[in-house]
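Once you scroll down, you'll see the structures, which are given as structure tokens.
Across the two complexes that follow, chain A remains constant while its partner is chain B and subsequently chain C.
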Partner chain A sequence: MNFSWGKIYSWINERVHLEDLVEFLGKKYVPIHRHSVWYYFGGVSLFLSIIQVVTGILLLLYYKSGEELAYESIQFIMSKVEFGWLIRSIHSWAANLFVLAAMIHMFSVYFGKAYRKPREMTWLTGMLMFFLALGFGFSGYLLPWNELAFFATKVGTDIAGVIPIIGKPIMIFLRGGEEVTGATLSRFFGFHVAVFPGIFTVLLGIHLILVQRQGMSEPLGLENTLGNEVKTIYGERSRTMPFFPNFLLRDLLLWLIVLNLLAILAVFFPWELGKKADLFAPAPAGIKPEWYFLFMFQTLKYLPAQLWIIDGEVFGILAFGLVGFLWMLVPFWDRKSSKGEKNRFINYIGIFIVMYIIILTILGWT
Partner chain B sequence: MKTLSIIVLSFLVSLRVSSQQREDKCMSCHEVIGDNVAEMYKQDVHAHKGISCSGCHGGDPHMEEMEQAMAVEKGYIGVPKGDDISTVCAKCHSNAAIMVKEYNSILSRNQLEILQLSVHGKLSVSGKERIVQCTTCHGVHGIVSVKSPSSPVFPTHVPKTCAKCHSDAIFMRAYNPALPVDQLEKYHTSVHGMLNAKGDHKPAECVSCHGSHDIRSAKDAKSAVYPTNLPATCAKCHSNARYMKEYKIPSDQFKKYSVSVHGKALLEKGDIGAPACNDCHGNHAAVPPGTESISQVCGTCHSLNASLFASSPHKKAFDQKKLPECETCHGYHEIVSATDELLGVSPDAVCSRCHKENQNQKGFIVAKKMRELIDSLESSDRIATLLVSDAEQKGMEVSEARFKLRDVRQARLQSRTLVHSFNLEKFHEVLSNGLTITGVVKSQGQAAIDEYYFRRWGLGIATLIITVVAVSLYVTIRRIEKRQTRQE
Partner chain C sequence: MNEIKTHAEFSPHESKRNFLKYILSGGLFALAGSILYPILAYLNPPKQGEVEISSVKAGKLNEIEKDSGMMVKFGTKPVILIRTANDELRAFSATCTHLDCTVQYKKEMGVIWCACHNGKYDLNGRNVSGPPPRPLDEYRVIVQGEEILISKKV
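Up next is the complex of A and B:
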């Protein structure tokens, strides 16, 4: 029997009319300009989230939630399960790279004003997914039930607890009681493997459908997209490339590079397990949250105990909440960009925030 | 000249008259009525210093009439009771102006303050006064200098003075039912006590170790007899070569003890489980342990070693030669941590002192074999530890192997204890167990290291494959785009 891709394609096409999809993909174009490189970070984020799902499912086969079992089960995965060490290290590294890629993707969209009409919903779903990614990170960090994770969760949930009125109930809800205990671990496990993935899948579906439906946003000023060279407001000539196969294959190429990077990180810098959490032990020195929470943690450390009439920590948390909320709603208050006009103010805010995050993260790290 | 003589004579006459006017009426009256207290007070150190009864009781000793002399308006307080007793003493004894300027005294002026902080300064069962007042130990009316052999706090009298309360079971029960009341009896059996009873005031009595005004509970870390402080307390006398000269005993015990395994544990690490002087010599009944009792003394802590030794063939041999058991091999005050070097037939090994190749040959063979076995376990343990550490350094998860190493340490510890049985068969059994565990650990450590290199190779191959696929993909993209450009 002669094997041929053509025959397989015909066989499937006969049943599900693949030609419609191919025709749709054939009409999709991706703009090419000096900022095109940022388009790839959406794809990288998607790839890393797929890796998280796959490695997460594999870890689920051996992971046991519970105060007495969690740490030991990770130890078992790391030492006894074939390639368990690799899967766990990749899961941990990919989680961090995912947050980084998503962050870069978010800022590239922000600076490119890609959130402007008609892509407000794409931005909103993206932002919600980003917050969920932080939730994934926070909840997943506790699951090995080691000393660092335990105290970081204690500090993290303590911070949530200082929010006026709703803080305490939120803290108790997150912890499953007054203190971080095995109940917190079970709760975080539930969030990490069931609640968050469910919501994330829905949001990702909407996000991808919107991207496919609306196409890639072009830098402000582009008038035409389909294959014609036009001048952007940056004064350059712009053209496009077919989504399939050009962009998709480039995406795949980058994914392979990321996969290579992940393998190197996992082998050369295996994710450490540390000491098992001891509920009665004093907190070790230098407790720090994951790097993506560090700028907020450091800000709270710098804030004075009392700021005017409000507690310094409460002020910091409320300020971060407000900034995050305004950030999420940027498509609705940046009217200029929606009208196709330049808005330097948005750029200045973005640059300030990026610099703030970088500097405070470095200060927190050192 | 005549005028000058008249002036001097007049001055002397006026002095005589003044002296008659200032006569101590307290003493004269109380002598007349035959009060024994007045007789006793004549011998009192305070009377010798010219202090009248009014010094403590108040009143005016120069008044003729009793009602006037003992009038409250004149400051008369009667017989002080409870804490007022010590307060009356402290009125002068805590006052530098009186003690130094008037009496040229060198006594410390914080005795009351220190007494109040001491275990005796606590409230008595009545809750109204402290347990001990100055007069409890120093007496009343007949108080003499502490340097006087008739003083109740002179070294030869101290034991009895303390025993007034401390040997009274009913009295002591009210304060500390757990505290024994046989200290004096024990003390009489001690070397210190026997010399003290002979009138030698130099050997230690209660105050020498426990302090005087500042006595604290033996459980108080500040007490001179708290385990970590006790060796230094004993050394106050025992390390003083001049002081100890007449007793013909060495004065280097503290120096030796300080560098011993026990001394380091107690004095450097603060491990109060480690023995201080009293744990081997006794405290109130302190004597040097005799040849026969040494193993019993050591055996109170090292019980397993002692019982193994007692059932070993060495027991009979040591008894016959009247050799002290533990001390023969380990020494006494300068006992150092027992290492494997003590065992075997090398010149440093203690076994070789008695067992030679041509003398006591059986013991020679056993000692040699035991040393070989213990060395092989040590070497195997070292290799296993190195392998595990190497694997750990490479980032491998080897906690199980690391945990098993504890069993090896346990086997080594057990083997060192079993040496005291001098039974090669038992010794071999424990050593074999240890060697089996080290074998498992070594293979786990080696497997982890092999796995580490496997991962490196695996990564290399995987990276190569991914890179080849990536390059092929890049070439494909370039080809497709070239074709598209040509088509355009």
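Up next is the complex of A and C:
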């Protein structure tokens, strides 16, 4: 029997009509303009999340949850298992790059007002995935059960506990008790490898289907300013690029570059394990959360103990919560952009937030 | 029209249908409740039968130097024991009142310090600088011969 891809294709096509899909892919175009470069960050985030799934499954083969096992099992992965150090290092680095790529993706969508009607649901699912990514980062950070992670989790869950009325039950639910103990570790492990991936997969599915269905958004106000035109093979001038294969190949090339960057980071800057958590030791000097929580951490440092009638930290946490919530709902209160009108106010808010995050992150870092 | 409406209002079919609707939706709610309640109750961690500790032995007097601090396990909670420069013994809850980190004695500054958000307490446990909203809870220190005992203040 002679094998050919064509035969396989027609065998499947006869049953599920693949040609519809092929036709759809052939008609998919990506707009070209001076901000097209930002389109790539969604794809980069997707690529990094695939890496997280693969390396995460690999780590699961040796990781053991539990107060007396977690730290030791990571030590085992890093010192005894072949390439264990590499897999763990890639998982940690890719997690950080993922948050970075997703942030860039989010801000580019924000400034391009791509969330405007009809793409509200794409923005919403994206934002939920972003919050989930922070949850992944926070829960995964505890799993090695080291000193830094222990205090980061104490502070992080205590922050949840500060919220009036519902805070305390949430904190106890997260910690699996009053204090951060092995029970917390078990819960975080469950969230990290089962609950979050399940929710994430559903959201990602919706997000990607919406992107396919609705196509790429063009930034508001760019319609009149012609971007770089490209010549098609027929010599016509076009302001779009076929998704398949032109854009996809560019996507893949960038993925390859990201993979290389990841390998360099993981090999030359291997992720440290630190000291094992000691429930009775004081917090070490210079303790910091992951960089993407630094701006909030730094803000909490500056807030005075008492602000008007409430505790400074309660004020800070509620303020961040409120801003995050409003940010997520931007497609619903930015009416102007949905009508296709310019809305400078949105840009000012965005610029302020980006500057705030950058400045406080730098202050927190040094 | 009017006739049909009146007819429908008193239709035995209609009231039968309504009856079934209530029974069915009521049954569905009961089903959802009987599934959700055990799950929600399961999520809430059970209270551990903790032994209420009222005092612990912190160690011998010669184990702690002047002008230094020491961590003591008080049941499941950390307590900081401080021997001041003028030879007084004091003990406080080592849990920062800000966001739950564990504090330490900072010799250079002569304060109790929390590394997480740079909160400072004086040697009476009072929050003097940074974000902590409340003073640290004080414990009682008793010296019996060479032995240091720490107990809850009543």
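The rule we apply is simple: the second predicted complex is superposed on the first by the 331 of 366 C-alpha atoms of A that agree within 3 Å, B and C clash if a C-alpha of one lies under 4 Å from a C-alpha of the other, contacts with A are read in each partner's own complex, and residues count from 1 in each chain.
One rule holds for everything that comes next: a residue touches a chain if its C-beta (ideal position, glycine included) is under 8 Å from a C-beta of that chain, and two chains touch if they have at least 3 such contacts.
This is a predicted model, so every value here is computed, not measured.
When the shared chain is aligned, no partner comes close enough to touch A:Leu59: not chain B, not chain C. Taking chain B and chain C in turn and counting the residues of chain A each one touches, the greater count comes from C.
Using the contact criterion defined above for the overlaid structures, shared-chain residue A:Asn260 touches chain B, although it does not reach chain C.
Look at A:Met78: by the touch rule set out above, it reaches chain B but stays clear of chain C.
Of the two partner chains placed by the overlay, only chain C lies in contact with A:Glu179; chain B stays clear of it. Once the two complexes are overlaid on the shared chain, A:Arg250 sits against chain B while remaining clear of chain C.
In the superposition on chain A, A:Pro270 contacts chain B only, with no contact to chain C. For chain C in complex with chain A, the residues that touch the partner chain are 43-45, 48, 71, 73, 76-78, 80, 94, 98-104, 114-118, 127, 130-133. Interface of chain A with chain C (complex): residues 151, 154-155, 157-159, 162, 169, 172-173, 175-177, 179, 183, 279-287, 297, 300-301, 303-306, 311-313.
Contact residues on chain B toward chain A in their complex (touch as defined above): 395, 397-400, 455-456, 458-459, 462-463, 466-467, 469-470, 473-474, 476-477, 480-481, 484. Listing the residues of chain A that touch chain B in their complex gives 75, 78-79, 85-86, 241-242, 245-246, 249-250, 252-253, 256-257, 259-260, 263-264, 267-270, 272-273.
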